[in-house]
Amino acid sequence: MDRARKYFKCTDGERAVFEAAIKLAMVFHQFVGVPVTRASARSLEKAIEEAVRIQPWVVRARARIDRRALVKTAGRYGYKSLDARMLVVEVETAYGRARARCSMRFVSELDYPLMCIDEVRLSGMK
Amino acid sequence: MDRARKYFKCTDGERAVFEAAIKLAMVFHQFVGVPVTRASARSLEKAIEEAVRIQPWVVRARARIDRRALVKTAGRYGYKSLDARMLVVEVETAYGRARARCSMRFVSELDYPLMCIDEVRLSGMK
Amino acid sequence: MDRARKYFKCTDGERAVFEAAIKLAMVFHQFVGVPVTRASARSLEKAIEEAVRIQPWVVRARARIDRRALVKTAGRYGYKSLDARMLVVEVETAYGRARARCSMRFVSELDYPLMCIDEVRLSGMK
Amino acid sequence: MDRARKYFKCTDGERAVFEAAIKLAMVFHQFVGVPVTRASARSLEKAIEEAVRIQPWVVRARARIDRRALVKTAGRYGYKSLDARMLVVEVETAYGRARARCSMRFVSELDYPLMCIDEVRLSGMK
């Protein structure tokens, strides 16, 4: 049951990808800028994943921060701030008969942190 | 032409709402928390609208901050931080044959800042 | 040793509180808006504390999210977004001969999330 | 008059730099990640400056985004997200007898976006 259903004029597939996009953009715009080191990366990944998972219609969430981007240079100022180049996020949503797998990753050929739709599936179809 | 096309396995309608959702969630997660008064609200609305408009596939963007929520209480600590209850955002995207109108507004009956799909239109259809 | 020392024209006490303020404002402006429930609050507190701790001159950091503010209302839209009213952050910094204890908490009489200086101590003083 | 005075155990100079640091860190952690182009940079600078100016004890604020960092590569994915390397922020605060000039800028020799204390002045001193 969806108490917000009346606010959506769309198909189940459209709703599923809409919800996935909200979560991917949340991760980018909420967490980019957080100070991070190799030692703290795991706790940050976990907080990101939980922030995604507790939102409506999410069935799976995964966040990975590239440790190679976190090689600490010497001294106190050697840590990094999370940026989209280090981040891979995958989210799967389910709404009605639709299921969507979407992700965010830095795409070198575009020089751009792309949020994309990997698959939309409809169940109960022949 | 979309240089990122190959990263999307979906319909034009799904892509259009996906792109709209990214922009709405950007506004929420990027701008909630900004200090704001009645005097500064217009410049913040304008910055939000431009941040939406320059992103891919957006054809229209509008942000409004409710001035009634910005009644300043006395003294230096009387300003507010932007929160989702004060904010209405509308965005329209176009991708291929599809056009989507989406919005974010606080919905009292849900006590929730809802991002929703107001309309998806396909052109060239009988 | 501080590789950035030449960029600071100030006393050790001023530097210690300056560094503490940076960390408190980081927490507010980075993390306000993160979706949170009672179940996810601990992972978020931990990520906040680590993001503070890895920054320069921090000797102690503590973040607490008020679980009473996270009573979930029914349904999928019942979770909350982190706001400053739910958050208490304490940070202690040390620079040269100075040590500062600073904190952020919501102060009811001001209706304001106040960042304040609880104590500045100088060692080696008679 | 400062209604929050009792929450601060410190000198006027310490308070002035504490307040300046809050504003600099607000800019970093709130605005890093905002989509920006050469065309939108001015509205974003203005929103940043106003968000600083309306906060307690600020007497002057200035934000500049380096247009050279905003050279748009071809196509829809050619815009940038605001990052600390493009950003210079200056803030001046006054509290009691103290005045502080502080700033944030990217320091190449540290490969770090440094927030620093340029000057603390006390008035009425011989």
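Order of writing sets the chain letters: A, B, C and D. Residues in each chain are counted from 1.
Going forward, a contact is a pair of C-beta atoms (placed from the backbone, for glycine too) under 8 Å apart; a residue touches a chain by one contact, two chains touch by 3 or more.
On a predicted model such as this, the values are computed, not experimentally measured, just so you know.
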item	value
Intersection of the contact lists for subunit A and subunit B	C, D
Chain at maximum distance from subunit B, centres defined as averaged CA atoms	C
Angle (degrees, nearest 5) of the CA superposition of subunit B onto subunit C	180
Interface numbering overlap (same over half, different under half) for subunit B and subunit D	same
Between the pairs C-D and A-D, the one where more C-beta pairs touch	C-D
Averaged-CA centre spacing for the pair subunit D and subunit A, given as whole angstrom	29
Between subunit B and subunit D, centroid-to-centroid distance (C-alpha), Å	26
Subunit C and subunit D: spacing of chain centres that average the CA atoms, whole Å	18
For subunit D, residues contacting two or more additional chains	3-4, 26, 28-30, 33, 77, 110, 112, 114
Residue ranges of subunit A touching subunit B (in the complex, touch as defined)	3-4, 7-11, 13-15, 17-26, 28-30, 102, 107, 109-110, 112, 114-120
Interfacial residue positions of subunit B with respect to subunit C in the complex	28-29, 32-33, 73, 77, 81, 83-84, 110-114
Contacting residues of subunit B [partner subunit D, same complex]	2-4, 26, 30-31, 33-37, 39-40, 43-44, 46-47, 50-57, 75-77, 79
